[in-house]
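The first chain written gets the first letter, and so on, giving A, B, C and D; residue counts start at 1 in each chain.
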Amino acid sequence: MNVSFLQELLNTVAEQGRQLLPRVLRSSDPADGVVELARALMSGRGEASGVALARQILDYYRVLEPDARRAFFRFLAEDLQPDPTQVAVAAEAYLQSKGESELARLQAAVDSPRHEFFRRLNLAPGATAEIVNMRRDLLRQPQSDAALGAVDTDLMKLLQSWFNRGFLVLRRIDWQTPAAILEKIIAYEAVHEIQGWDDLRRRLDPDDRRCFAFFHPALIDEPLIFVEVALMREPPQAISAVLQEERKAGAPVPDPVVAVFYSISNCQEGLKGISFGNFLIKQVVEELAKEKPSLKTFVTLSPIPHFARWLDRAEAAARTLPESEHDALVLLDDPGWQERPEEHQELKKALTKLAAHYFVNVKSPDGRPVDPVARFHLGNGARLERINWLGDASEKGLREAHGLMVNYRYEISEIERNHEAFANDGTVVVSRAVRALVKGVRAVPAEPEQALLPPPPSGNAQEPAAESDAA
Amino acid sequence: MNVSFLQELLNTVAEQGRQLLPRVLRSSDPADGVVELARALMSGRGEASGVALARQILDYYRVLEPDARRAFFRFLAEDLQPDPTQVAVAAEAYLQSKGESELARLQAAVDSPRHEFFRRLNLAPGATAEIVNMRRDLLRQPQSDAALGAVDTDLMKLLQSWFNRGFLVLRRIDWQTPAAILEKIIAYEAVHEIQGWDDLRRRLDPDDRRCFAFFHPALIDEPLIFVEVALMREPPQAISAVLQEERKAGAPVPDPVVAVFYSISNCQEGLKGISFGNFLIKQVVEELAKEKPSLKTFVTLSPIPHFARWLDRAEAAARTLPESEHDALVLLDDPGWQERPEEHQELKKALTKLAAHYFVNVKSPDGRPVDPVARFHLGNGARLERINWLGDASEKGLREAHGLMVNYRYEISEIERNHEAFANDGTVVVSRAVRALVKGVRAVPAEPEQALLPPPPSGNAQEPAAESDAA
Amino acid sequence: MNVSFLQELLNTVAEQGRQLLPRVLRSSDPADGVVELARALMSGRGEASGVALARQILDYYRVLEPDARRAFFRFLAEDLQPDPTQVAVAAEAYLQSKGESELARLQAAVDSPRHEFFRRLNLAPGATAEIVNMRRDLLRQPQSDAALGAVDTDLMKLLQSWFNRGFLVLRRIDWQTPAAILEKIIAYEAVHEIQGWDDLRRRLDPDDRRCFAFFHPALIDEPLIFVEVALMREPPQAISAVLQEERKAGAPVPDPVVAVFYSISNCQEGLKGISFGNFLIKQVVEELAKEKPSLKTFVTLSPIPHFARWLDRAEAAARTLPESEHDALVLLDDPGWQERPEEHQELKKALTKLAAHYFVNVKSPDGRPVDPVARFHLGNGARLERINWLGDASEKGLREAHGLMVNYRYEISEIERNHEAFANDGTVVVSRAVRALVKGVRAVPAEPEQALLPPPPSGNAQEPAAESDAA
Amino acid sequence: MNVSFLQELLNTVAEQGRQLLPRVLRSSDPADGVVELARALMSGRGEASGVALARQILDYYRVLEPDARRAFFRFLAEDLQPDPTQVAVAAEAYLQSKGESELARLQAAVDSPRHEFFRRLNLAPGATAEIVNMRRDLLRQPQSDAALGAVDTDLMKLLQSWFNRGFLVLRRIDWQTPAAILEKIIAYEAVHEIQGWDDLRRRLDPDDRRCFAFFHPALIDEPLIFVEVALMREPPQAISAVLQEERKAGAPVPDPVVAVFYSISNCQEGLKGISFGNFLIKQVVEELAKEKPSLKTFVTLSPIPHFARWLDRAEAAARTLPESEHDALVLLDDPGWQERPEEHQELKKALTKLAAHYFVNVKSPDGRPVDPVARFHLGNGARLERINWLGDASEKGLREAHGLMVNYRYEISEIERNHEAFANDGTVVVSRAVRALVKGVRAVPAEPEQALLPPPPSGNAQEPAAESDAA
């Protein structure tokens, strides 16, 4: 496709009205068209017909083949970047005088044209959701392509600005919620899979269940993150106490005292790295405290996704426990061990101690725990309350953590102090019970657990995509 | 107030829960407190208690005395700016290698900490509206203070990102609209003042009247910009045809063919320079065309706010018109001339010619017309359709434009072409009738009309605060 | 118009679809047409085209001249009544055997065809509001026309069924309410006139003001009844304490203990005799108690609309008070007496005693107080709490009750007992203070106060159209 | 339970406030309590505490055992009926003079106290739905109990008044509808069973599918009746064309010309006999015609629920067809015949002729067709358009109608004429094609088909509970 043909098309378009644009242009090849239109959007034309151009770019983008998609990202990476000459001139001028106006000129020179591109793209109705999906596609590109990293940096920065917590809306999800949203809850739940609509209803509808999600006004029907809560008499030790099917629906807890956050899932892959979980938990705590003044305790029931992987490295455990205790671990090699409670005594002792050690002493190179879910809740200011033996006896629970689960507790009066301790020197605040467990472990020099770790997130406490799925 | 006292307070606060923060801190002096808290918000503390800190900063800010407010802005200007050393280092590194990662580091170094500050401030519920008002206060500071300009640049950039057209919602304003919004329409109308609720109702409720506004989801009850429309049989020559009180309300126009945009007002001083009017007009055209297929013509009935001021400079007119015609202008010095139609013939001829000349030939140094309303509509791609003799005989209409008004016409098939012509070389597209008027004017070398002009806006076509109030 | 012409028209109509009906039939004369169409609606045709016929009848009805309207009501009265022969046959059959099926047949025979007529009329969208207005017109017909009474009986019975309390919706009215509803609040307020939108806002918007209304889902934008409430520290003695303009809006009552119902107005003349006030007050008490647990006392501040008229009949007062006290009343003939507090002492004593007597001892032939507002609140189970000297010094307040007002108190634990006492033997429950006043009055044999009374309402406690306007 | 105990309880209650009533009274036995409270509701007490009493009656009612429930209905039947003495007196007075006021008195005397009872019961929030369910329970009582018939008559009359079409709201049901309503659509669909949420979504969500329901404002989340519609290029001959799973969801019909009503289901057993279907279909036709102007034809695809039962009676068919054709019917005894198209030719000819005859000539004693679905659509003014061979090859379709289905067509210009013809003399309006089929059938004297029929409904065209489930 040559430029003048597109030019002509666009002229025709302009003469015949916005509504005709899509049809006329659809005859051209999306792979070329999307780049041509992107150029047009950045030109003066973008001012008069920006909405139509943006719409068409997004329509083209949606049908691009993988190669064309990648070519489009490369175009963004290579063509829409600051002009090196101008940057150099501005940098030199700044070094000369370091004045206000030189700084302003330098800021303008380094500002990525991609910001303006995405802002103009967002002119089209419904564009925000499509731009989020564009970032999802970008994140799925092979990491090797370093130039694309700069595109992601720009895009993420913009999304961070748009998805500022001040723009998010908390909504309760229940049986009155439109099906279009509910089916996404089923799809996005990543901790304890929802087994269809009946299971969903058991989690949303009963009097002692709650679900809350953050939404953004520009993303209709698309939850960003959601949390499932059970209102109970005491903190549960096992997920089955929360999810069992036969719960007497007829007998609601009259004055629940504990709110249990038993599942938190991020929904938008394209918003990866933009943290909502901290705000969600805290606002839900506020909402629940207002609605049910009987609630006094706010805890999670959380998985330990990396525990078994860590334990696998035999030497770690070996050096930590007395040999006698260590021997109990062989039971884990016995299929079906979890169903023979009469053999558990020693294993339970060994595993819970090791888990306490894993949380408190095992650190990644950034000085914080290796477990992503722990990093998330501890970073939010929660404390590690309890390690639950056979908290999750599902296949996944056994595979990931030999069935262990933990409760993290959000105590309003401690949150800031805990957070500071954790942020400043990686101190993991734990309950007395967990502390006792740690004492039973032989002290070994903390050694960074590099191999297991995902690259340390650049910023602050980030939640994993879901509690269970953090690597 | 010394820091350690605040420190202590905040520790107490953290131990007693967010809800106590405001009361405890209220005892301190807002003028100091606001700055201390701003520092805290930018520190690690901001991560755990950001929402509470942000809320308190805004509460303090609201009650600041003018001096304290200015001190706060100075703090933002001086303390929250990029670190010059780091900028210098990054600039030098960039000049050495001009690589991807050097560019990234330079971008990070020049990025203003104020962006992060305002983003964190926006954590508090309802903060967005207060940040917009903060910018309004900032714009009202004396211009002399150059350092504050950088604060405004940062803030405006952020607001531009947040108030991206993709996030705006078009809503019809009518008699079903909550009173809380309607009273703002009364307050913000800046072109033809609304004389109370009865007048408002006459503009919103009848079958042949429309009003539309853009809203942002984070600014409840706050229109950003609105336009008032009359559906008519033909383009009106005078505003009285639109606003007269005695209109037979009982007789709606059955199949209106002309939609008249007779008033456009911006509402938020704090969003000055962020342009919504272009998008608003175009989306309203679309909405109306869908709702009433009989509508074929979309025109404005607009004021010419600077015409009389321009004409005052005698020499301009003198050189333009033949002396005989020019003499007719003396009638303007006669109070009440507008009510003596029998004397109008010569004056009308002279004034309309001069107005045509004023629009087409008189340019500011940036090569575009001096009239702000003309700049706005022509920049949007409208054409100058008609000059209306005694279009507005109100005191204001006579004072600003000797009673003249104009129709700008939005012809969908021409919008892009007109816009390009105007943007590229300042060409003012006019109807044949206006062209004929211009021909009657003696050609004089176009001369920049500097004295009259507001400083040329940096970006694209910007609408005035209201059509009538652009200086 | 002859029938066959209409017949033909309707046939044409049926062939061309509902949407054409209005235009075609509009050419006929509404006065004849409305009756012809009413007959058609009651025939088999009504089943297939009921919606269109009903719509057209209502459209015709709206433009009927007074005479034609009356003729239409006469048609309903005379043509749409039970067939006397069938009633006679069914009555005789019943008298013979008094069986189930004879009763059923008699019930069917006496059932008024007007019920079916109005039910079919209600098929048209929006018809309910128009039927309510039809009853308003009917009530305005001269009373002499006895035959129309039966039409009203039928219509009222139907409306009573449709406007059953179970279908009403309580909505708070505030500054977020659409203007279309607010302007009706202004129009319908009948106790203390609302002086435009500013006054309205003072009653709705402040933190310590509430307004609630009942709505029916089929009457969009039309409140049925509303009550205005002030939240205060103590029961007010004068309406000026509630309505004064200069109230410090900035200083809301932090923990109000008294909710004052200072105005209740019915809105729909066409629903006269269908009582909503009792339900409204009780539900608002519940709502407020839930919203503000600090509220402990619920009182009205009410007018005494008939007191001055009663007192005018000199002999009543003469026989009641000692002569010395009675003489104080001459001050009332002195214009401006209310502004000379130094002269009030004796008058105050005399008037409040007389008012207490008026409430407690003066009865109409049905054994209940003569004052309509008193009948309403006492019938609801309230007690008479206090008589307020110069509670309303407005021209109206002076004219109706020499400035007196009263507080009725709704004490939840007494409501049923008070109601029973009042309903069974007309006992007026009063506070100790009022009882003391009554003791100061010479006992005279209670004598029915016939001349003053409106015809006794047939049913239970009915509120007046508004508290102030009950005759 | 003796009365004075309840009396005491209620007094206590009255003194302690409404909110205590439920707990206090719960100690008594519901079976006795419900009757005592019903008496109280009808007494003066009902005026002061009606809402609380009504709530308690409904709470008791819900937990009644079958026997107690029946006893409650008997109480309504026996204790809440007109006073025979008063009726007799009024009847005699009427027979004497037949005047206005005698008629009024007679109407009052025969008016069933049950009307007032149910109206007062409806005072409680949410009562309407419970009263509808009360009627469902009543309809399930053994028919033998004749006295209960009068209760049903009263209740149905009241519900007919409350559920007047003017109060119903049409709402589109789609994938944005709350799950609480959607699960009811699944439950209530009675024509073509919905196989879970995926199937539901296929019927609601695609661009060429619609579903509409009537709701009543007092019955939250409870559809009264709904219709499912497919937008197609031509009228379908078989239900599989509408419901097949593999429909290409991606390819919506661009300009559909036919709207197919393929399923209509009533939802509330307690509203049996109150007809909504006629209004629903006609309003949906209007809505669709407005939304999609390309739609020209409105047809159903309907079952013939009684055809096979009618045909079973051998002699009917025997006398109608020539012997040669009749013989083809033996194939029906062959399991799996429907899957052998090569053998269908004769059978198809015979069955479609018989079906045409069944619709046009076979009448019940009231002179209308025996098939309930036919009675419904023909009574609405539709015409019988086409008989579809193997329109429904499901087990149910084969069992009920040997796989036949029909299209009824709603032609706006014919509706009233068709309805009149059908209502006046049972004329079944058919298309030319069906007429041709009928001609091929030997004329036999129409003979009432009594045995098959449900008791003829008292009123007008009533739809079956669902199209498929009419007996």
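The working rule: a residue touches a chain if its C-beta (ideal position, glycine included) is under 8 Å from a C-beta of that chain, and two chains touch if they have at least 3 such contacts.
Bear in mind that the values here come from a model prediction, so they are computed numbers and not experimental data.
The minimum number of touch steps separating subunit A from subunit C is 2.
On a Cα centroid basis, the chain most remote from subunit D in this structure is B. The geometric centre of subunit A is 39 Å away from that of subunit B, both derived from CA atoms. The centroid of the Cα atoms in subunit A and the matching centroid in subunit D are 50 Å apart. Separating the centre of subunit B from that of subunit D, both taken as means of CA atoms, is a distance of 59 Å. Multi-chain contact residues of subunit C, defined as those touching 2 or more other chains: none present. Applying the touch criterion to all chain pairs gives A-B, A-D, B-C, C-D.
Residue ranges on subunit B touching subunit C, taken from their complex, read 175-180, 182, 196-197, 201, 221. Residues of subunit D touching subunit C in their complex: 10-11, 13-18, 44-45, 47-49, 51, 81-82, 84, 87-88, 91-92, 94-95, 98, 100, 103-104, 106-107, 110-112, 119, 122-125, 127-128, 146-147, 149-150, 153, 158, 160-162, 164-167, 169, 217-218, 278-279, 282, 286, 380-381, 412-417, 419-420, 423-424, 460-461.
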